[in-house]
Amino acid sequence: MKNIYVEEIVHTPIEQQQIEIVERKGIGHPDSLADGMAEAMSRALSKEYMKRLGTILHHNTDETQIVAGRSNPQFGGGEVIEPIYVLLVGRATKFFEGVYIPTDKIALKAAKDYIREHMHCLDVETDIVFDVRLGEGSTDLKDVFKRGKVPHANDTSFGIGYAPLSETERLVYNVEQRIYNEFRRKNPAVGEDVKVMGLREKDRITLTIACAFIDRYLNDIEEYDAIKQELTEWVKDIAGEYTEREVIVNVNTADDYERGCYYLTVTGTSAENGDDGSVGRGNRCNGLITPGRPMSMEATSGKNPINHVGKIYNLLANAIASDCVEKVEGIKEIYVRILSQIGKPINEPKALSIQIIPEKGYEVEKMEPGIREVAEEWLSDITKITEMVINGELNTF
Amino acid sequence: MKNIYVEEIVHTPIEQQQIEIVERKGIGHPDSLADGMAEAMSRALSKEYMKRLGTILHHNTDETQIVAGRSNPQFGGGEVIEPIYVLLVGRATKFFEGVYIPTDKIALKAAKDYIREHMHCLDVETDIVFDVRLGEGSTDLKDVFKRGKVPHANDTSFGIGYAPLSETERLVYNVEQRIYNEFRRKNPAVGEDVKVMGLREKDRITLTIACAFIDRYLNDIEEYDAIKQELTEWVKDIAGEYTEREVIVNVNTADDYERGCYYLTVTGTSAENGDDGSVGRGNRCNGLITPGRPMSMEATSGKNPINHVGKIYNLLANAIASDCVEKVEGIKEIYVRILSQIGKPINEPKALSIQIIPEKGYEVEKMEPGIREVAEEWLSDITKITEMVINGELNTF
Amino acid sequence: MKNIYVEEIVHTPIEQQQIEIVERKGIGHPDSLADGMAEAMSRALSKEYMKRLGTILHHNTDETQIVAGRSNPQFGGGEVIEPIYVLLVGRATKFFEGVYIPTDKIALKAAKDYIREHMHCLDVETDIVFDVRLGEGSTDLKDVFKRGKVPHANDTSFGIGYAPLSETERLVYNVEQRIYNEFRRKNPAVGEDVKVMGLREKDRITLTIACAFIDRYLNDIEEYDAIKQELTEWVKDIAGEYTEREVIVNVNTADDYERGCYYLTVTGTSAENGDDGSVGRGNRCNGLITPGRPMSMEATSGKNPINHVGKIYNLLANAIASDCVEKVEGIKEIYVRILSQIGKPINEPKALSIQIIPEKGYEVEKMEPGIREVAEEWLSDITKITEMVINGELNTF
Amino acid sequence: MKNIYVEEIVHTPIEQQQIEIVERKGIGHPDSLADGMAEAMSRALSKEYMKRLGTILHHNTDETQIVAGRSNPQFGGGEVIEPIYVLLVGRATKFFEGVYIPTDKIALKAAKDYIREHMHCLDVETDIVFDVRLGEGSTDLKDVFKRGKVPHANDTSFGIGYAPLSETERLVYNVEQRIYNEFRRKNPAVGEDVKVMGLREKDRITLTIACAFIDRYLNDIEEYDAIKQELTEWVKDIAGEYTEREVIVNVNTADDYERGCYYLTVTGTSAENGDDGSVGRGNRCNGLITPGRPMSMEATSGKNPINHVGKIYNLLANAIASDCVEKVEGIKEIYVRILSQIGKPINEPKALSIQIIPEKGYEVEKMEPGIREVAEEWLSDITKITEMVINGELNTF
C-alpha cells in the first residue's frame, strides 16, 4: 500500500526528557462525564439501529454539554441546590425506510443509565435536568451508510496514536483507575471526580490529585482528613508497582482547613457546583492528556463508529501502535498518524505515517516489513474497530 | 527562578520529518464560531467588570455549545429551515459589593455582535436562537480575584507553546486568513466556513480546502465551479509566498456535480445544516491544530484572563517561545510548557520547561541565560497577557 | 362587615335554560397534567418551606408548559418517538435567612411523582424531558409572607364560585371521574386523557367523550371497538345515577375505521402526539368548564396558597357557595364573587358579592343573615383554605 | 337550520346588578404579550403558507410561555439583570408537497416584530431570550386542510359571545386602550403594562389601575408622582365619555413612597421582574375578563383560523351577537354559544344557542327571524372570519 510511510524519527525519548507532564481526568470529572454519556449514546443508538434495521445509521452524539449546578455540601450530608443541566447534542437518523427510530428516547436512556452505573451519589432523577437536541444529519452523509461495503470517510480528518505508554503515563492512568475501582469501593466517601496531574522532573514524579469527597459519609473535617491521608498513603504504595522513581503525592492541595476550604461535594463531582463539562475536552482515547506527545483534537467519544474518521482513525492509530510494539521487536517509541480523504473508503487513507525511535541496535529499515504488515492487516480489517467500539471493548477517553 | 528548566531536546526537526499534518478551522467553522463567541463574551464581561467595579470578577465563558440547524440551500438563494441553536454556557459573578452585573445580557450582546461582525450572511435575528445559562461560580474561586495582587492559579493545569511555525503551518494559517480577509471580500459567494488541511509528504504539500459557498450569490453550478477554480488558482498563487515546495490545492473534494453534490450553504457556515460546534475543539491558541507538535487540551477561548492558567499559560508559553526566537540567536525549534499549582500566584508556576533544538553550531547552554531572561521577564510582567487579551491583541483560536 | 353584598338576582335557572354546555378535561388531558404538576409543585414547596423554616415562603408555580411529543401508536404496542417536553415555570424563594431551599429539585421531584401516580403508561424517565425555570419573585412580594399575621393580597384580583352544580354538571364531572377511578382500573386499555363534553338540549343530554386508548393492551381494531362499546354502555348505565333525562353517549366520534382513524395512544395522553398543554387553560377549580356560569380566568393550580387571591378567592368563593347551600334553606342558585385589594389583608376583600336565586316561596332578605354568617365565618377563618390546599383536600382543577 | 336555538332568557340585566367586576390586561401585561406573540405568529404563518402554497396549512401557536426575568429599576435608568425567556410553542406544518416552510424562523421573526412594534422600551435583542419549539401536528388533523372546501372542525369545542358591552365594560376597555394610544404617546414614562380592574358597586365605579412606569424617563419620586397624578386626572376626565356614574380612579394603590414602594420598571412590563405570562390566561377575545358574563376557556390567540373552532366560534359568536344588536331592534342583551362537532364542517355546528333579554315591550318570538337570519348569514359566510383574522381585522385579546 503506497500511502504507508515508515520513517525513523530522532528525538529525545520521553523518559530521557527532563520534564514530562501527564494528566488524567477521572470518570466523574465533568468533561469525562460528557465523554461517557456521548459514547454511551452512540453505542445504544448503534445497537438499536442494528436491531431494527440490520445496519447502523448515521449519527454523531459527540457534543453533549454539561452546565454545572449549585450545591451546598455539608459534613454529614448537604444537598444540590440547583440541578446540573445536561444538553445531549448531536445528529441521528430518526426515520429510515419506513421505520421510526426513537433516537431521543434511546439517547436519554443511555445517558441516564451511564450516570447511574458510574456515579454512586448522583441522583439522575433530581440532581440533573436532561435535555435532548438531536437533529437530523446532512443528507449527503446518510448515503455513506450503505450495507456491506467499506464505509467512506465522512471528512478530511486525522487520527493519532503512539505506544508504549511512558512510566509516568502508566502511573497517572492507573492511579486514577485504581482509586475508582479499588479505593473508592472500600471508601464510599471518595467521589468519582478524581483528577490526576503527573509532573516528572527528571527522576522525581509529583502526583497532584484533586479528589472530590462526598459529604454524607463524613461527619467532620477529621474524618475528611483521615481519608485524605489514607488515600495519599495508598497511592504512594501502589505507585511502586509502576515506577521506581521517587513519587510525591499531593491530594487536594488547595485545602485550607482554617479557612474552611476542603474539596467536599454532595454528589462526587464538581459538576454539581460550578464546573461545566464538554465532550472532547478531556482525555484522548488512550485515557490521557499528554502535551509532550502528538495528540488529535478530535473528540473520539460519541462519534459514529462506522465512518467518522475522527473516531476510527484515533482508535486505529493506537491499535496499530500497540500492536507493533507487541509484534515487532526493537521499538522504543512508535507514533502513528492517519489522514483520511473525504469520500474515499476508510481503509484507503490519504496517508498513514509511522514514526519510530528504535531501541539501541535496531534499524527501522529492517523493522519496516513487520510494521507494514501490522498496519495493512488493521486496514484490511478496519471494521473490527467498529465492532469493538459497539461492544464496549475500546475506551474512548 | 528555580522552577525554570531549560534543556536541549533532540528530535528530527519538523521540516525534516517525512510527513506533517496541519489543520486550521476557519472563522466560520462551527467550532471556531463557538470559540469566537466564547472569547467575545469574556472580553465584554471583563470590560464591564472593569467599568463598574474597577476590577475583573470571576467568570469563565468557555463552554458555548452550537447545535446545528437545518437548511435548504438553492442556487439563487435558499433558506434556513430550522435555526441554529446556540447555548451560551459558563460562569460569571452577577452581584458583587452591592452592584448587579447583567452578565447574561452582556454575554448575549457580545455573542450576537461577534456573529454580526464576522459572518456576512448569517442573520443573528432569525437564523440563530440564542440561549444563556451562566451560573455563578464556586465561592472559593471568587476569593482569588482580589485587587492589586498577582492572582492565584485557579487550578492545577498547564499551557504549551512553541516557535517558530513551520512552513506548512504558516502556509495553512495564512491561506485561511487570506481567503477570509482578501478573497472573500471580493467574492461574497465565499463563506466564512473554510477548513484548510495541510499534508506535507516530504517536499510536496497538499492543501485540502473545504469551503462553504453561499447560494444567493451563485445562479448555477457553472458559477459555483468558476469561483471554485478561481479560488484554487488564487491559493496556488499565494502559496508561493510561504513555501518553495510543490503545492497541490484541492477545493471541496467531495463535490460530485453529476450527483448534485457541492458544498453550498445559505449562510456561509455548515452549522446551518448538521454540524455542531463546541469551544476548545478546534484550533489551539496559535490558530492551528498540529498533531506533530505538543498541544494543550485546554480551551483558551472564553476563560477568564485573570487567573485561569488554562488560558494564560497557553498564551504565555507561545509568547515566551516567539520572543525567544526573536531575541536569542540560534533557536531552530523551541517548546515551552508551563505547569501551575493551584492557589499559588500565577507568576510562580510549579514548572516552566523550555526545550530547544539549536541551529547547527549553537549550544543550548550558551543560549540559556538569554532564554531565562525572556521567561523571567514575561513571568514578572504576567498581567500583560491579561491586558492584551482584554484589548483583543491576542488571538485565542 | 360592610363589603359583603347580598342581592337577589333574577335569571332563568340553569336547569330551565334550553341549552347547557359543560366540559371536563380529564386527569390525563395535557392542560390537566399541567395543572396537576403545577399544584403538586406548590404543595411540595409549601411543605418543604414549613419543614425548614416553619413558614411558607413566596412562590407561584402556575405556569408549567407542556410541549407535545411525537408518537407512533400501534396495536400491540407502539412507541413514543420524540419525548414530551415539560417546562416547569414559576417563582420560588431559594434562600431565606441563611437557609437554602433546593426549589428546582423539589419541583422536579413533585412533578415527576405526580405523573407517576396519575398516569399508568407514561414513562417519566424517557417519555418526558423535564426542564425547570423557577426564578426568584419580586422583592416586594416577599415582604408579604410574614409569620403569624393574616397575609396581604398579592394583587387586585378576584375569585368566583357558585352552587349547586346542575344535573348536567354533576353528570359530566362524575362520568370522567368514574371512568378514571372505576372503568380504567378494570380496563388498562383506557388512558387517562378523557375529555367529556356535555350538551343539554332541553331534556336530552349528549355526552361526547374523547377517550385515549392505549395500544399495548389492544391487539386490533376489534378489541378497540369492543372496549369502546363497553365504555359507551357503561357510561349510559351510570348516567342514570345523576339524571333522569335522556342521555346519549358518543365515544371517539372522529373514529373512522375504514380510513384507519381511531384514538390510539402509546401513553394514554394526547400530549404524546401534538397536543400541548398549559396551566389554567382547562377546568376551573370546581373541576368543570361552564360557559353558562360566571368563571374566573385565574389559574387556581400552582399559585401559592398563602396570599395569592387568584387562588384563594376562587376556592373560597366555591366554599362559601357550597356551605350556604348546605346551611341556608331556600337557595336555588348562589353565585359568589370576591374582589381583593392589593396590599390589604386577604380577609378584608374590597367586595364580596353574593347573588341568589331563591327557591319558590323563599325571600333573599330573610336568608341574608344566615348567608352573611357563612361568609364572615369563612373570612375570619380564611387560612383554613391554605391548610386544606397544602393537605391536598381541595381540588384546583 | 335546525341546530339554531333562539330563546328568551330572564335574568337581572347586567346594569341592574349591584356588583359588576370587569378587568382588562393591557398590551404590555405578560399574558397579553403572550397572546399578542401567539396571534402574530399564526398570522405570519398563515400568510407565508398562502404565499408559498396557496392554502393555509395546519398550525396552532397558542402556547407561548413567558418566563419572567429580573430587573433593577432605578430612577434615571436601571437595567434588566436577567433577560426574560420566551418559549414559542405550538404546532406547524414544516414540509408539504415538496416545499419546506421555515416555520421556526417565521415564528421567531413574527414574535420579535410584535414586541418591537408594541413595546417602546423592551429591547428584543438583549432583554429577551427567545426559544422555539414548534412540533409537527398529528397527521389526522393535516387532512382537514383541503383547498376549496369548508373546513371541518378540529375538535369538539365551543365559542361564546355577547353584546352589547355594559357601561363598565366599555369604560374599562377604553381606559386601557386610550392610555396606550393617547396618554402614553405623550408620556413615554408610561409603560405598556397597564391593568385596569373595574368594580361597579351600584352606581359607583372604582377603577383600580396598575400602571408600570419606566425608570429612564423619571428622575425621582416627585416626577413619578406627578405623572401618576396626571394620569389619574386624565382617566377621570375621559371616564365621563363612557358613563355618568361616579368614577373613582386609583393608580398603583400598592405604592408606599416612605418604604420605597412604587411601580417602576426598566422596560414597561412586569415580565421583566417576576411576572410570568401565558397565552389564553388573560382577556377573552372581546378584550375583557368578565366574570359576570359567560366566557369560554379557549385561548383565541394563536390558534389556526381555518378549522380551530376554539378560535373561530369565539370570534363568530361575538360577531353574531354584535350584528344582531345592530340589525335587530329590541335587544337588551344577547348571548351566543356555538358548539362544534369534531369532523363536521365548521358551518354545521352541533348547536348554536342564542339567548336574549329583550328590551321592554319587545318579544323574542318576533325578533327570532331577524336573529336567525344574521346567524345563518354568518354561518354561510364563515370563512370571512378566517380572512379577517389573517388581515388583522379581529382582535383576539
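Brief remarks on what is shown
So that you can tell them apart, the chains are marked A, B, C and D in the order they are listed, and the count of residues begins at 1 in each.
The definition used in the following text is that a contact is a pair of C-beta atoms (placed from the backbone, for glycine too) under 8 Å apart; a residue touches a chain by one contact, two chains touch by 3 or more.
Here the structure is a predicted model, which means the values were calculated and not measured.
Using the mean of the Cα atoms as each chain's centre, the chain most removed from chain B is C. With angles rounded to a multiple of 5, the C-alpha fit of chain C against chain D returns 180 degrees of rotation. If you average the Cα atoms of chain A and of chain B, the two centres end up 23 Å apart. The centroid of the Cα atoms in chain A and the matching centroid in chain D are 55 Å apart. Annotation: 51 Å between the Cα-based centres of chain A and chain C. Chain C has residues 82, 85 in contact with two or more other chains.
Under the touch rule stated earlier, the contacting chain pairs are A-B, A-C, B-D, C-D. Residues of chain C touching chain A in their complex: 72, 79-83, 85, 94, 100, 102, 104-105, 108-109, 112, 125-127, 129-132.
Residues of chain C touching chain D in their complex: 5, 7, 9-12, 17-19, 21, 23, 60, 62-63, 65, 67-70, 82, 85, 87, 89-91, 133, 135-138, 140-141, 156-158, 160, 195, 197, 199, 201, 206, 208, 210, 253-254, 261, 273-282, 284, 289, 291-297, 299, 337, 339, 341-343, 350-351, 353, 355.
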